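Next come the structures, one after another.
Across the two complexes that follow, chain A remains constant while its partner is chain B and subsequently chain C.
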Partner chain A sequence: MLKIINGGIETVVEDWPGRIGYLDNGMSSSGAFDNVALGLANVLVGNQPGEAGIEIAGGYFQAEFETDAVISVTGTDMKPTLNNQPIPLWESIKVNKGDVIKFSHFAEFGFRAYIGVAGGIDVPLVLGSKSTCLFGSYGGYEGRKLQKDDVLKFGKPSKDLDSLKGRKLKPEAIPEYSREWVLRAIPGPNTSPDYLTKEGMDYLFANSHKVQLNSNRSAVRLAEASELSFARPDGGVAGSHPSNVLDHAYAIRGSLNICGNTPILLIADGPTLGGYMSALHVINADLWKIGQGTPGRDFIKFVFCTQEEAVEARKQQREWLSEKSLA
Partner chain B sequence: MDQKNYDVILDKLPEAESRPEVLFRQAGDGFLQVEYGSIPRFNLVDSFRVLTVNGAVKAKNIKGLYETVPGIRTNMFHFDPEVLSVKKLIEEIEEEENKLEHVEDIEFESRLISLPIAFEDSETKKAVEKYVKEVRPGAPNVINGYNIEYMAMCNGCSVQGIKDMVCATEWYNSGNGFWPGGGFFWPLDPRYAIVVPKYNPPRTWTPEGTVGIGGPCLYVYPTPTGGGYQLFGRTIPIFQFAQKHPLFKESPTFFKAGDRIKFHEVTEEEILYIYKHVHEETDYVYDIKTDKFKVKDWLEFYNKPEVQKEVQELLARQEAGTKAAPRV
Partner chain C sequence: MEITVKAHMPGLVARVVVNEGDKVTAGQEVAVINCMKTEIQVFAESDGVVKSILVKEWDEMEIGSPMIILEA
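Right after this comes the complex of A and B.
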């Protein structure tokens, strides 16, 4: 069990792939913002890569263990300590009853840290997932971010704790962080020649887009693209702006919508359907990078990708998030 | 890579009988959008078709197909591309498309839900106030702190005219989406089809039960969320995750694809009273009637010369109004 002392900026319970199969009822999948950091945290403590862990955005999370456990910390380096002694990232460690874990804030690179716990986080399954949907206020721990005096229960570890501690990753398995996140993307469904001009599509792929401060778990807003050129003078029956379309489903997670002149990436808790055009889609295997893009500081760049490459990248990610990555 | 391929149309079915052209658009790895007609149009016949084909494809239990998300003139297919190739999925959909020749023959069970609405209530006014303060100061779609005057301007009518139109028609749900349990509603009576542009950029907050219109589509916000529709009032709860009220016993959501709603004006006090009796007392009784919706009958009404004459008059007012209104 883990007793929360300080919930920090935004700390939530998330698993992967989240809540799949409810898009047609307006329920997005939610799930870890960075499924690679969560996946590796889980592999380190002997869990399945999609098991629920603790996602810490920004920082300042603090909690006390009420039982012995094996944990791992991954993601951005928030200078975590255990009883005020620094602890390593990307490896599993044993913690004892009464130990206090404390995080500072996000580091030079990246924005979210994850805690994996041997046995996972024991919260009820809501529609097949332990993930928190903050905007719908359901799932995870009482449908909300963690706060002081909450108590999280742990599941049963896959092996005895002593055999799970001290596990490390191969150096090449630790993801590389940056301040410009390169995301592979597939064009569609609204591209040139009918929605944007070719120059408009080129603009999206050629430029780095700054992550805006008003981003959250449903949408990552990018810098306004005033030079973006549309192929239509207006949205016809859908509205006066050419980014307006008659409401259609969004390919969430990963759709890049054009809302007025603002490109917005729809992720975790985002809307499932709406009236803005969708120009491209970040491939499933690169979604994790969006979770590490620091609002107000980092940039996102899109790189053209084909369907075949995207399917191959899924296979590679599955290999990456497995025990094959252990040293 | 120098030559990027932005052509996302993977396949097409030609126009035939009552079916418009069908376009299969790439929408990501694991997503395919099926679109009806190459020129976007607002025609409910397309939605009747979407829901019918959707039901047939889902009944096939195709391995690797996670789910579908119907819209008014599109359907999104979400699948596992490692199990189901996009090519195979397109073949499966085309098979069902080819079986449905006459959309006029479609009949389906539909609920008619009567919903009270308080126009220009204080909660939705707060959402507009927050938008102007935090997102877009001086937004042209905000006049006297609200959107309804801008809506009236775009439609060449008065504020009262907007309220009358909202209450005059039944609104048909082409499918749920955006946020949990929210339906996308379209006017079944084309004489009252309000059209307005959406926010640019969208809001970050909208209260529970807010009613908004964007383009020609009406939406009830089930929970506090962002959003881009123009706001004019608030209705009663349509979502309850706690599932305490009997209406939400089976599911936390209320609306279903194919539902119709009809609004009637009440005071804000009455709306607040109902909130209490849905979420706390759990004894509010929703007004729901079920009957059969026949596409043939609706088309007959829609195509009446006197109806179409009024539609043309509305379109002319809207064209002039949109020209006069500031662009968002």
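Right after this comes the complex of A and C.
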């Protein structure tokens, strides 16, 4: 068990792939913002890669272990300590009852850190997932971010704790972080020539787009693209601005909404439908990078990708998030 | 001794909730930053008197940006 001392900025229980299969009922999938950091954290502690872990956005999380456990910390380096002594990232460590884990804030690269716990986080399944949907207030731990005095239970580890400690990743399995996150993307469904001009689509792919401060688990807003050129003079019956379309289903996670002149990536807790055009779609294998984009600091760059490349990238990611990545 | 209260998250200043000359205690909320569409409280880390306020509403903060100076 883990007793929370300080929930920090925004710390939530998330699994992967989240709560899928309910988009038609208006329920977003939620799930880890960075499924690679969560997946590797899980592999290190002997869990399945999609098991629920703790996602820390920004930082300042602090908690006390009430039982012995094996954990791993991945993601951005928030300078985690155990009883005020630094602990390594990207490897599994044994913790004892009474140990206090404490995080500072996000590092030079990345924005979210993850704690994997051998046996996973034991919260009730809600519609098949342990993920927190912050904007729906369900799932995870009482449908909200963690706060002081919450107590998280752990599941049963796959092996005895001593055999799970000290596991490390191959150096090449540790993801590379950046301040310009390159996302492979497939154009559509609202693209050129019907909705954007060719120049409009080229603009999206040719430029880096700054992550805005008001980005969260629902959507990541990018800097206003004033030079984005639309194919239509207006949105017809859907509205005066040409980014308007009649309400349609959004292909979350990863759709790039164009809302006025603002590109917005719809992700974990994002809306399942709406009336703005969606110009491109980030491939599943690159969604994790969006979760490490630091609001107000980092940039996002889209590169063209085919569906075949997207499928291959997803296969490669499955291999990556497996015990084959252990040293 | 002067103590600077710094932003602990990037964001926009939503408001400063103390005035110059106010006495504050450690752990007291002194300002609020807006980030991720969430209001994040900024606390004084030690007791003191507000000597000067360096920010105003909508100012953009980076992590570590000075916000308020306390005289301890």
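The rule is short, and it goes like this: the second predicted complex is superposed on the first by the 327 of 327 C-alpha atoms of A that agree within 3 Å, B and C clash if a C-alpha of one lies under 4 Å from a C-alpha of the other, contacts with A are read in each partner's own complex, and residues count from 1 in each chain.
Just so it is clear, a residue touches a chain if its C-beta (ideal position, glycine included) is under 8 Å from a C-beta of that chain, and two chains touch if they have at least 3 such contacts.
What you see is a predicted model; the values in this text were computed from it and never measured.
Contacts of A:Asn25 after superposition on the shared chain: chain B is touched, whereas chain C is not. In the superposed pair of complexes, A:Lys148 makes contact with neither chain B nor chain C.
If you count the residues of chain A touched by chain B and by chain C, you find the higher number for B. Once the two complexes are overlaid on the shared chain, A:Lys324 sits clear of chain B and of chain C alike.
By the touch criterion defined above, A:Asn214 lies against chain B and chain C together after alignment on the C-alpha atoms of chain A. Judged by the touch definition given at the top, the superposed model places A:Lys97 against neither chain B nor chain C. Once chain A of one complex is fitted onto chain A of the other, the partner contacts of A:Ala57 are limited to chain C, with no touch recorded for chain B. Shared-chain residue A:Lys170: touches no atom of chain B or chain C. In the overlay built on the shared chain, the residue A:Gly275 is in contact with chain B alone; chain C does not reach it.
In the superposition on chain A, contact is made by A:Ile186 with chain B only, not with chain C. In the superposition on chain A, the residues of chain A touched by chain B in one structure and by chain C in the other are 214. Listing the residues of chain A that touch chain B in their complex gives 20-27, 133, 135-138, 143, 186-189, 191-194, 198, 201-202, 205, 214, 218-219, 221, 224, 235-241, 243-251, 254-255, 259-262, 264, 271-276, 278, 281-284, 304, 307, 310-311, 314-315. Within the complex formed with chain A, the residues of chain B that make contact are 1, 4-8, 25-31, 33, 35, 38, 40-42, 66-76, 78, 81-82, 86, 135, 174-182, 184, 195-202, 204, 214-217, 222-226, 228, 241, 251-253, 257, 322, 327-328. Looking at the complex, you find that chain A touches chain C at residues 9-10, 57-58, 60, 105-106, 213-217, 294-297.
On the chain C side of its complex with chain A, the touching residues are 8-12, 34-38, 40, 60, 62-63.
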